[in-house]
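What follows is a structure written as structure tokens; I'll ask about it next.
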Amino acid sequence: MRREVRFSGFGGQGIILSTVILGRAAVMYDHKYAAQTQVYGPEARGGASMSAVIIDDEAILYPEVSVPDIFVIMSQEGFEKYGATARPDAIMILDSTLVHSRPGCTFYEIPATAEAKTTLGRDIVANIVMLGALVGYTHVVSEEALKKAILDSVPKGTEALNTKAMELGIAIAGGKKQP
Amino acid sequence: MRREVRFSGFGGQGIILSTVILGRAAVMYDHKYAAQTQVYGPEARGGASMSAVIIDDEAILYPEVSVPDIFVIMSQEGFEKYGATARPDAIMILDSTLVHSRPGCTFYEIPATAEAKTTLGRDIVANIVMLGALVGYTHVVSEEALKKAILDSVPKGTEALNTKAMELGIAIAGGKKQP
Amino acid sequence: MTSRLEFWQGNIASAEGALAAGCRFFGGYPITPSTEIAEHMAAKLPKRGGVFIQMEDELASIASVIGASWTGARAMTATSGPGFSLMMENIGYAAMTETPCVIVNVQRGGPSTGQPTMAAQGDMMQCRFGSHGDYAIIALCPASVQEMYDLTAKAFNLADKYRVPVFLMTDEVIGHMRERIIVPDAVEHTGRPAFVPGTLPFKPGADLVPGFPEFGKGYGTHVTGLTHDERGYPCATNPGLHAALVKRLVDKIESATQKLADFDVVNPDAEQVFIAYGAPVRTVQQVIHDHPDRKIGFLRVRTVWPFPSHALALFKNARRFIVPELNLGQIAREIERHAKVPVTSVPKLGGELHTPGELYAVWEAGA
Amino acid sequence: MTSRLEFWQGNIASAEGALAAGCRFFGGYPITPSTEIAEHMAAKLPKRGGVFIQMEDELASIASVIGASWTGARAMTATSGPGFSLMMENIGYAAMTETPCVIVNVQRGGPSTGQPTMAAQGDMMQCRFGSHGDYAIIALCPASVQEMYDLTAKAFNLADKYRVPVFLMTDEVIGHMRERIIVPDAVEHTGRPAFVPGTLPFKPGADLVPGFPEFGKGYGTHVTGLTHDERGYPCATNPGLHAALVKRLVDKIESATQKLADFDVVNPDAEQVFIAYGAPVRTVQQVIHDHPDRKIGFLRVRTVWPFPSHALALFKNARRFIVPELNLGQIAREIERHAKVPVTSVPKLGGELHTPGELYAVWEAGA
Amino acid sequence: MKLAIDETRCKGCNLCTKVCPYKIFKEGKLPNLRGIVVPELDRPERCTNCRLYHLYGRQLCGVCQLTCPDQAIHWVEEEPYEPHKVAIEY
Amino acid sequence: MKLAIDETRCKGCNLCTKVCPYKIFKEGKLPNLRGIVVPELDRPERCTNCRLYHLYGRQLCGVCQLTCPDQAIHWVEEEPYEPHKVAIEY
Amino acid sequence: MSFEDWFRQDRLPHIYCAGCGNGTIINCTLAAVDAMGWAKEDTVFVSGIGCSSRAPGYIVTDSLHTTHGRALAFATGVKMANPKLHVVVFTGDGDLAAIGGNHFIHACRRNIDLTVVCMNNQIYGMTGGQGSPTTPRGCISTTTPYGSTEPAFDLSELAIAAGANYVARWTSYHVKELERAVKTGLETPGFSFIEALVQCPTNFGRRNKFRQVADQIEYIKAHALLKAKRDRLLEQGERIPEDMYVVGELMRRSRPAMGLAPTEVKP
Amino acid sequence: MSFEDWFRQDRLPHIYCAGCGNGTIINCTLAAVDAMGWAKEDTVFVSGIGCSSRAPGYIVTDSLHTTHGRALAFATGVKMANPKLHVVVFTGDGDLAAIGGNHFIHACRRNIDLTVVCMNNQIYGMTGGQGSPTTPRGCISTTTPYGSTEPAFDLSELAIAAGANYVARWTSYHVKELERAVKTGLETPGFSFIEALVQCPTNFGRRNKFRQVADQIEYIKAHALLKAKRDRLLEQGERIPEDMYVVGELMRRSRPAMGLAPTEVKP
């Protein structure tokens, strides 16, 4: 089944990395297909950041996300620009620390940035918390695959921190923690 | 009537200027049509120089010289490269000082360079001697027109010398001198 | 009219045509066989209160011309193949920013350094498609020294009217040939579309061309090669805006194809029709002249881009179009797109014109 | 085969394909959206005994690539529109001197600076005709990350075999997208045509391609962009020699059109046939996938230049060709030249792909 | 004359906090709606520029304004009746 | 060793006549078949290079050869039996 | 009037990253322009492509945002065609000295009456941090992942050797000095070149151990060596540490210049 | 072996005009190359477009006659891809310093191990005598019919400011000195720049009152000022006349270089 996931937030939150991890998890460890794309703003930085990944059991033909099934929103501007038009049957996971608005679709509020800061001591891993929560809620990829993809992608020495962040996300979503 | 005249010699003899003068005479003073063209060698100088002019009473359509009616040859190399293939019914005027070979067509030998040097004291006007002879023999343009075109084209202060050179050429060709 | 007779070289005639049209800026870089145009401008412009500048290369030449044009000056450059290739990026910039300018290309044999002193028409497709992205331009092809003058002057009017780079695509034969020319007393000088202060600088008029907000008048116009809105502000990620802008840039030229068309028709009832532009026109004319008894059709094109495809229909009995070009059949490709009958490309490379005999033979073979 | 699975960006796949093909030299200049290729080569080449050099501009980039190629190295560069325009002169030089090289153009929205971060296919005609004079090249268009890898590697083989610049004409969507890719253990590596010492360096073989006299082996070859004889010596005023040389340069590619052709045919008995290359392929595939009940023809082209016009005839029932492109219909022009039935160009500008809905609507309107 | 930071422009780079000789800018603490932590003003009445601009009729310091990469710092005229908020606060 | 001007290369620029310290090259007088006036040699046996090359085993002067823009000047080995024409002429 | 009046208010905030030094340089330049008392309609800003080159888009006057590297060639056309216009060029190290190097040295040689402000952040900012011809040896960029090995240009020295009339170097830290240098440049007939070292926190700082913008400003400040002091050190035979760079007025002269405005005739 | 052995005998005589200095410079360069004892198969000549740039076509080794101005960029590719090759570049003032100026300064900056011989005839010879960036002020060319008004480059100074390791200037008169300078350049690791002033009788001399080739050689000889002498004059506080130019070795240093051949392992 084709599932379209759109991430948005601001520069520096690791929005793009999140979709790369997700796509990687699907392809390398769940042996599915994935196509990851992103919006490159005006060449210089700043402003809203957006990235998307499509995950499917079959080869992905049309690679652009048109009507996302799942949203991960990590900033108010990101919500306004990319999340506000979510279809009623979509699922949205939002960082309640940073997003003030709420959509018309099903949504889950995750205080990812606050949690990352307080529980883990580093707000930089908020995106990994969100990834954990995303997988916890939607199972677009397996937890196992996500974990491996995270470990592939994060800087050396931060593996434990990131694993914890992921587990925290899964836990918040009500899933089981990794043993 | 369309008449195609081809000049050749080596760089520095004023081969190109000669055809420009001839074309100018035809257009500006005889009120005919003319098209002057030239071969640009490899960008740097040296070697054989070639230039041509077509003179016609009607507008000139095809502007390239294919089978010249008249040749003016001022160097042996020029003869070999551009004059050797002259058709039997062509007319060739050659500078006998510099050209050793002789063609199969009607030809006139003019010791233009020698004459220019000895009679006029400046071999630089050999080409004007040749022009005079050319007009003397073939009347492709009128003597009057040629004279005016020469005066238009030569550096200030050399008018008398060039007029004399022209007259010398005409005289050699057996024509009447300008009064 | 007190027009006067001259015996000029084609390149000189082009330079004189530009001067007559009020060209006030020439930025160039020497290259055979176009150099005489620069040299003539170097001698003449300063005396007419204009500016000649020899730039460090062709990239800079066309850039300086575009800069000068924004001050309101009629501005031009002249080059040949290798220099033309170097101008491609900034030609696209001129198209995108709708900067009027005139570019003369005296074509020589390519590719690469090729035959620097020999004639060719090998840059006709490049002139239309040589810069990246979609855009449109106007290209005129003179076939005589007289037309070198007339079409250069015309190029300035078209560049101004359509705010677009206009190309005089000539060749070594026409550029270097000396011929009789009648120099008119004055040439028509139509201006740039007027800018209405207070309006948006890139908002087009009905003809799809915006008014020209000359620099130095206090309009405060921002000019950018980025996709921009009607204020001229960069706006490079809005798909609709980009599509509309680029479509307008192309449409303002293509929708004017009929108005821009400049061609002569000879023997419209002929079955075999030559189509030519530039130097080969002369050979076709000779063929027709030499065979008054034959019905030889001829579409002789001066405005090659946008190509006046509607002219093909004027030859109602046409069974075949014969297209002699000094290239491997570049405009023949364009004609193939439009023609309902076979197109015979008659390419000729190496620097010499087709002889009348060669072309007549092609015609006769199909008669 | 111990091929392995990866999740790579298209640009990275292209760089890896080049490395796998034995590319030993990359000379480049950063430009969005191609920069990742250069960056990846900067990281990887030194470790493989190759050379990465960031040149001062694109003129220099392609020049350095050509220079490197003459030492026998497989060499490449990557760029996008503005840089591509700057490479035009030296691309002509590579064509004229028959220098193998690979040029990746990750197309973005033009003209000019345009839309630096958005996808387009606006440089397809430029790639074929952007340098002055007549010449021919090969252009490949990948439609997936897998093909970014495969076709880049293939490009090196073709460049070597035909001694010609080979273009990987991709776009921002394919270049920046990350997808699953199967990385083969090794890629085929065919060499350059062998040079027989003592023979003339520019004397072609039966396939019209001369052997490659690598520098540093004592062959003493003179390489020039001037028209040259088979010894390689300049000979720029001999019309016949020039004509023969340029015709050979074009013929060696065009006569190999069928061999070079790389396309897939879907539903050859369809009445309406899509023709696409690059990113729009993906949309057409989706349309076909979404409408299994409809007979939707599809000619999916990988080798765009020389265009495999013979493939059109495979669609015997074709009533119409529908050509979606991320430009104003550039390859559609080429198809119009060859097609016996109407060609519908479906241009799309602005950076987004045609949606499957859009394309299906065009198809349905004609059904 | 009164010092003001335009919140719609400030990007929170804190360069102003480094350059003012009087340390009038202090790093802010809370992000605003745009997620940006705008510096706070610490007794801005100490700014020489503010105090003496009218007296000398020209810019006296203005280094913070020149430095602010985001054109977020300027001076606004104080309305005569406007209460001196800052003075009251400290 | 014998000095020689290659008539098929010399373009008659006369630079050799300026640079030889012994004035061994003299401007020529008559054009050859190619129309070029090739310099003449004035007692070339005076050339240090010719005289001493074999003794020292290296180029001693050679300025004319280095200068000649047309690669027209070189030295040829004299055949032992060859009459020394120049010596006889003067 | 103040320099703020030269901004297109409707276009602010600009696209620069937080802490990017470009905004500071624009302020200083506009302050100098403002101090010249020039009319807006007589002033034109020209630039190439890069973050730095976006500057003219934020200024109210006529302006040309051109192609990468070509700003000076366009500016030459503007100035030669209408010498009454005051033409100021914004450029970056990549724009000016990589792709645009030829126009740079030729504009210096011609000594054409332009003022050029180069925001030298020692990196290609806009394209995401590739090495530039001014990237110091050893520095990390995306195309020098193992540290840059190519020697870097001293842009000001190059301008001097090529013929510029006025050359000065300052930094985003030296705002007052920079403003004054730009003003002197604007006043000097002929080619004026003002090099401004600036921080690019996103693409230079981040990769080169400047965690905070302020760290890089500190570095810039600490490594600036006043020309006068440099000269003194040299005189005393002392070595100048390799990582210092000279700031100050480096050249002022009056070689023949081009594109000068015809002196205005007073009525 | 002698320098004559490096010519393609079947291509001589070359296309240069009678009295053109280019042939002399080729002789001196080949004499230096010959003296290095290099194998022909390890030596590559590269050039751009111009009369001067035709030189490689007359040499028996592998050679690249490239596009106008780009010789150094091509040469960079050759040298970087195979550092074992000795790469010598012939160029002209127009090729190197007009259209090719950017590659010139960047090759100097990179200090890439090339030796560049520039035949500076102060004119565009091949295209018929247009002004070049080294045409002295006041001189007549077809594009400066009223005398050149643009200031000219000092190519050697530019090379020094841009970073070249070895820089020397001589003339077609100073054949022995030139040969020695080229040899030193060939021996120096990094970028070596040898500027050779040459006469172009056809397109420079003729328009600038040198009726005979020898007149221009006389002028060149008379206006050459030895560097040592110049330094002495400067020391003595004397003015250097404007129409003199300095000849001699102008720079020799060992900045870090690129493209160096891996040192050959002796068996």
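Order of writing sets the labels: A, B, C, D, E, F, G and H. Residues in every chain begin at 1.
Here is the rule we go by: a residue touches a chain if its C-beta (ideal position, glycine included) is under 8 Å from a C-beta of that chain, and two chains touch if they have at least 3 such contacts.
Worth saying up front: this structure is predicted, and the values here are computed from it rather than measured.
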| item | value |
| --- | --- |
| Starting at chain A, fewest touch steps before arriving at chain H | 2 |
| Shortest path length from chain B to chain G (each step joins two touching chains) | 2 |
| B-F or E-G, whichever has more C-beta pairs in contact | E-G |
| Distance between chain centroids, defined by C-alpha means - chain A, chain C (Å) | 54 |
| Centroid spacing, where centroids are CA-atom means, of chain A and chain D in whole angstrom | 36 |
| Length of the line joining the C-alpha centres of chain C and chain E, rounded to whole Å | 58 |
| Where chain F touches two or more other chains at once, by residue number | 11 |
| Chain A residues counted as touching two or more neighbouring chains | 39, 41-43, 46 |
| Chain D residues counted as touching two or more neighbouring chains | 32, 56-57, 59, 82, 89, 93, 112-113, 116-117, 224-226, 234, 236-237, 352 |
| List of chain A residues in touch with chain D within their complex | 20, 23-24, 27-28, 31, 33-43, 60-64, 66 |
| Chain H-facing residues of chain G, complex | 98-102, 105-106, 109-111, 133, 137, 149-154, 157-158, 160-163, 255-256, 258 |
| Contact set on chain E toward chain G in their complex | 8-9, 11-15, 18-19, 36, 59, 63, 65-72, 74 |
| List of chain H residues in touch with chain F within their complex | 2-4, 7, 12-14, 16-24, 27-28, 31, 172, 175-176, 179, 201, 212-214, 217 |
| Chain D - residues contacting chain C, complex | 59, 80-82, 84-86, 88-89, 92-93, 95-97, 107, 109-118, 120, 122-123, 125-126, 128-135, 224-227, 236-243, 246-247, 249-250, 327-328, 330, 333, 336-337, 348-352 |
